[in-house]
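Some structures to go through are shown next.
Next come two complexes, and both contain chain A; in the first it sits with chain B, in the second with chain C.
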Partner chain A sequence: MMTRTVRILICLMGLLLAAAASAEIVVVVNKQNPVDSLNRRELVDLYMGRTQHYPNGTLVLRLDQAPDSETRTLFYRQLVNKSVAEVNAYWARLLFTGRASPPQVLDNSASVLDAVRKNPNAIGYVDSRDVDNSVKVIGRVD
Partner chain B sequence: MSIKPLHSLSLRSGLLIFAVAVVLTVVLSGVVYQLVFDEQLTQADRQLRQLVGTVENSAAVAAYLDNHELATEVVRGLASNDIVAAASLQSQSGMRVVAGDVSVFKEASQRYFELASPFMPDEASGSLSLQPNQRLIEDNARQVALVYVASLAAHSLLLTIVAIALVRWQLARPLNKLAERLHEIEPGSEHRMPVLKGHRHDEVGQLVTDINGLLEATQLTLEGERRLRQYVEAVEKRLRLIFDHASSGIALISQDGQILMSNPSFNRIMSLEEEALPGASFVHLFDDASRVRELLDHAVLDRAPISEDLQLSGTRADAARWLHALFSSVSDEQGNLLIECILYDVSERTRREQQTRQEAERDPLTQLYNRRAGERELQLALENARSHQLTCALMLVDLDRFKPINDTYGHDAGDRVLKTIADRLVRSLRKQDIVIRWGGDEFVVLVYPGQDIDAVPIVAAKILQQLAKPIELGNGRSDTVGASIGIALYPQHSQSLGDLIAQADKAMYQVKENGRNHYVIYQPPLPSAVGGQ
Partner chain C sequence: MGSILRKRRLASALLALALLHHGATASASDGLNSPALRFSGFATVGAVKGGDDNLGFRRDLARTGVFDGDADWAMDSLLGLQLDLRLTEKLDGAVQMVIRDRLDDVLENQVEWAFLRYRFSPDWTLRVGRIGLDVYALSEYRNVGFSYLWVRPPVEFYAPVAFYSFDGLDLTWSRPLGDGMFRARLYGGRTGNDFEVGDGVTGLTLEPIIGVTLGWESDHWQLRMTMSQTEVEEEQEYFPGLQPLADALEQVVLLWPEATNLQANLKAGGSKVYYHSIGAAYTNAPWQVQAEVGYIDSQLDVYPALLNSYVSIGRQFGAVTVYGMLADSDNQNERIEVNPPFIPFLPVESAQLAFLGQALQTAFDNTSMDQSSLSLGMRWDVRYDTALKVQWDRTWVSAYGSGIWDTKVAPEDDQILDTFTINLNVIF
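Showing the complex of A and B:
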């Protein structure tokens, strides 16, 4: 008995520790959005401006976190292995062509979740600890 | 100097250096040109890759986003480089943007660069194609290579000029000078080569010193040879003088008896025409050619001089030409044995000797042997008879009536009688018989009857018969003399000449006592009679 209790405890502690060490970023959309999941490649193409539509053809509204937020830094590092500055430079290079535009920047995770709840075409990313049932998680970045 | 400019050392060495430099320069130029040209092409290629490197990010993004504007900017930027003739960017999804001269695109020569996706390094987003401006690149490469080659050629030319100048100043010029000086120097003269300034201690200086040593040696040698030649010439002249003017005949004769060389005296003595010489036969000039042949052989075999009096052929006995000849063998330069002959005319001497002997041996009136010579001849004849075991008869002939005729007709008539008697004696006898005028009207005759003793009386009778004939005394007068003959025989009567003469004398007196005009052969006394007397 004793042994089994200890084991369960150790497992729980491990899970907790893992959650604390690598905070998970989740990609969320409006609950009414028909898209249920996006793979990594589709996420990259969306966020780096290659496509402006969901696979079903609906125009997409991309949302970004605050420029110096930890979430944004983590998101781009894990998605395309680039710093926020590098991603900014990328957009700056494309700015003059008038053909591509960066995602819309919001102040924090709450604003992102709020915008996603209100706009069926919106897509955003937040820390997995901030997410709730009002939005649909369609992908994870880790 | 007689050296043609084309053959001069400096020109030839200069041309040689120049030719070598040209060949080397051409070969090196080819290599350098190729190396530089290739390097330039490589460099152009590197440049091209660097160009692509600078735009690679933008190009990748443009391909990733199918961003026409960005792509246009990239390819235009690339095409604006003069080494790029045309550039094209293709995206994975089919976008293609081109800049530059599209018509020059060739699959074979264009450069192709893969563009990775800017966010998914494992995935391609598109590609860049570049058409290098090959003509420009090659023109540039050629130009640079040519500059290299030109500078190499200039470098070679400069070095060649310096090398030619150095060879000319350090070697050709001093050698040329030496050659000129040496050419002017007569071998054997007292002139020497001057030491060239600045070349005292180098090979040229050594050469001058050695040449002067040679000149010195040559001068000494030539002077020595000249003196020797003069001496030899003088000696030769004197020898020639001796040879030409010697009274003796001198000749060189080959072993087979041909005259090889002769002096004027020889030709005169031998009565030889100049045209017949050389090559005339020597031995046939003499009466006894085989004897001369023998003498020549002896001279060769014995290696010792040999001499003899020899009679020339073709001369009569009364005018015989006699030569005293001395033969000795000599070797010529090739080692052949030759015979040297020295001869002089001894005809006069021989004749005089003969005359002197005649005068000493002969009775001037009758030309018969006188008593003294006769005795010697008799002695020789007896010795000859003894050695050949011959018989001979000694006859003492005494004229019977010489004194009355001499008294009656005078001395001249007496001389005529003696001469006539002498002639008749000689004519009635054989050649080998000896006739001697023994005294005033006494003659001694020695005859060889051979083995036949019976021939002696026949000979005696024949003599008596001849002497009994009348003798012309001149002026139509004639008379008979007659003779008494006493005979002694050798070896029957004695072996001594004195005994034989005494025995013949005894026999002759016997004839005188018994009425003259007869002959008696000596009768040796019987042993008893000897004992009785």
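Showing the complex of A and C:
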């Protein structure tokens, strides 16, 4: 009896802890986008400008969150272990040599989700708590 | 006078930056669709303090030096503006203007590059127009201070190549390879720049310039290899500014038979220059290591063959990266010694020959680049778009090897010079 209560309590605490730690970032695309999943390698290639296309050859429209947002900081720290300033320095090289244009910056998760809903080629990332089923989740960064 | 005007123009351009900055952030967050027009830019504001009464510090060969340990704001400060235009999914274009201190500050020179690009497929891209020249790893973005660690690319490696872009076309092929992306780039066209010679400014045109760049980039590694070949245009018989010397030599051949050979040493038209380089960069927080080795093979006696290299190590402490760098440029040619004859019964003519010989010796000595530097510095990412950098360089210049510096009289002994730099770099 006692042990069961303890076990339930531990389970509950675990769930709470998991929820607290679940500042998990999900990568989303338009529901019409034929891409169903991207692995870490493919996400890095897209977000670090090494390719301008989805694996199926469609041109990509990359979206970024506000430069001082926690979501953006966490996304790049987890994806490539770099600060936003370092990622910007890297992108400055691609942009100012004319190789590629950096992701378009939107203000917040709501704007990102809205842009993804409206544009079949768009790709964005949001906090997993902000996501809804109007978009398709194709990857996780944690 | 011209220099003051240039500095004033630079200052007003940098002041305009604050307004532009505000406008740019507003437009970037408006549209939801991929923007057809994109405006962006970069700027550096900073001072360099260096040189002595004889050797003037300069960032590249097409600059006027900073002497006497003076502080100079124009050497590194600049403003770059870029407009990207997307016409269709496959066709786009871009224009970049860089406003900075230059010898001939006309609009045509301010256009750093302007090209149209066509993407045939995810693998193949063609560009036509004025395109950045990537002879070395940082060549194409050496103006963009925010994008690299140091206050400027090492002069031992980057100053000898005073060409930033070329007019022509390039074809790029890229493919995933292993953990990273492989890129091959083939390019061809013409390029040129202006150089200060004596009291005047003369242009030098290289045509054709052709080259190939192979690169591989992964999360942690960037490896690259480049080869390019240029030729001084045929019409340019002598190196910029050396025509009067060549003419004078022609008139003294009867008294000084060796003058014919020396005149040939000044010839430039049709001479080829080959650039080779290999480079590697490794980034894995908190460490950042980068190195390049280059070899310039030259048929020009006034632009001697050169072996140059650098290695840099940086370590991050939060938003601050502390770094050290060693750089070296090693002249590969023997010094040409000019010895005009003394003819006892023609003292006046002998004095003129000695004067001509001295001018000629200076022309040869001032182009030899033989020096090493140790640099220590710090980059602080103040914000996601702003970096503050400070750097100290100690440079050992070999006798008759001060070609990287704006030289008044080629020093007969080894020299040691210190250079201090502080600058603020932003992107927008």
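One rule holds in what follows: the second predicted complex is superposed on the first by the 133 of 142 C-alpha atoms of A that agree within 3 Å, B and C clash if a C-alpha of one lies under 4 Å from a C-alpha of the other, contacts with A are read in each partner's own complex, and residues count from 1 in each chain.
Convention: contacts are C-beta pairs under 8 Å (C-beta built on N, C-alpha and C of every residue); 3 or more make two chains touch, one makes a residue touch a chain.
Quick caveat, the model's predicted, so the values are computed rather than measured.
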- Message: Both complexes share chain A, so when I overlay them there, do chain B and chain C fit or clash?
- Response: clash
- Query: Once the shared chain is lined up, is A:A23 touching chain B (first), chain C (second), both, or neither of them?
  - Reply: neither
- Comparison of chain B and chain C by chain A residues contacted: C
- Message: With both complexes superposed on chain A, which partner does A:V137 reach: first (chain B), second (chain C), both or neither?
- Response: neither
- Message: Once chain A of both complexes is superposed, is A:D107 in touch with chain B (first), chain C (second), both, or neither?
- Response: second
- In the combined picture, which part of chain C sits where chain B already is, 81-89, 225-233 or 351-359? 225-233
- Residues on chain A in contact with chain B in one complex and with chain C in the other? 41, 44, 50, 80-82, 90, 93, 96-98
- Note on the structure: Listed in rising order, the residues of chain B that touch chain A in the complex are 58, 61, 64-70, 118-120
- Task: Under the touch definition given earlier, write down the residues of chain A that touch chain B in their complex.
- Result: 41, 44, 48-50, 79-82, 90, 93-94, 96-100
- Contact residues on chain C for chain A in the complex? 28-29, 31-35, 38, 40, 42, 80, 82, 84, 89, 94, 96, 113, 115, 117, 119, 121-122, 127, 131-132, 134, 140-141, 143-144, 146-148, 174, 176, 179-181, 217, 219, 285, 319, 381, 383-385, 387, 427
- For chain A, which residues are in contact with chain C within the complex? 41, 44-45, 50-53, 57, 59, 61, 67-68, 80-86, 88-90, 92-93, 95-98, 101, 104-107, 111, 114-115, 118-119, 121
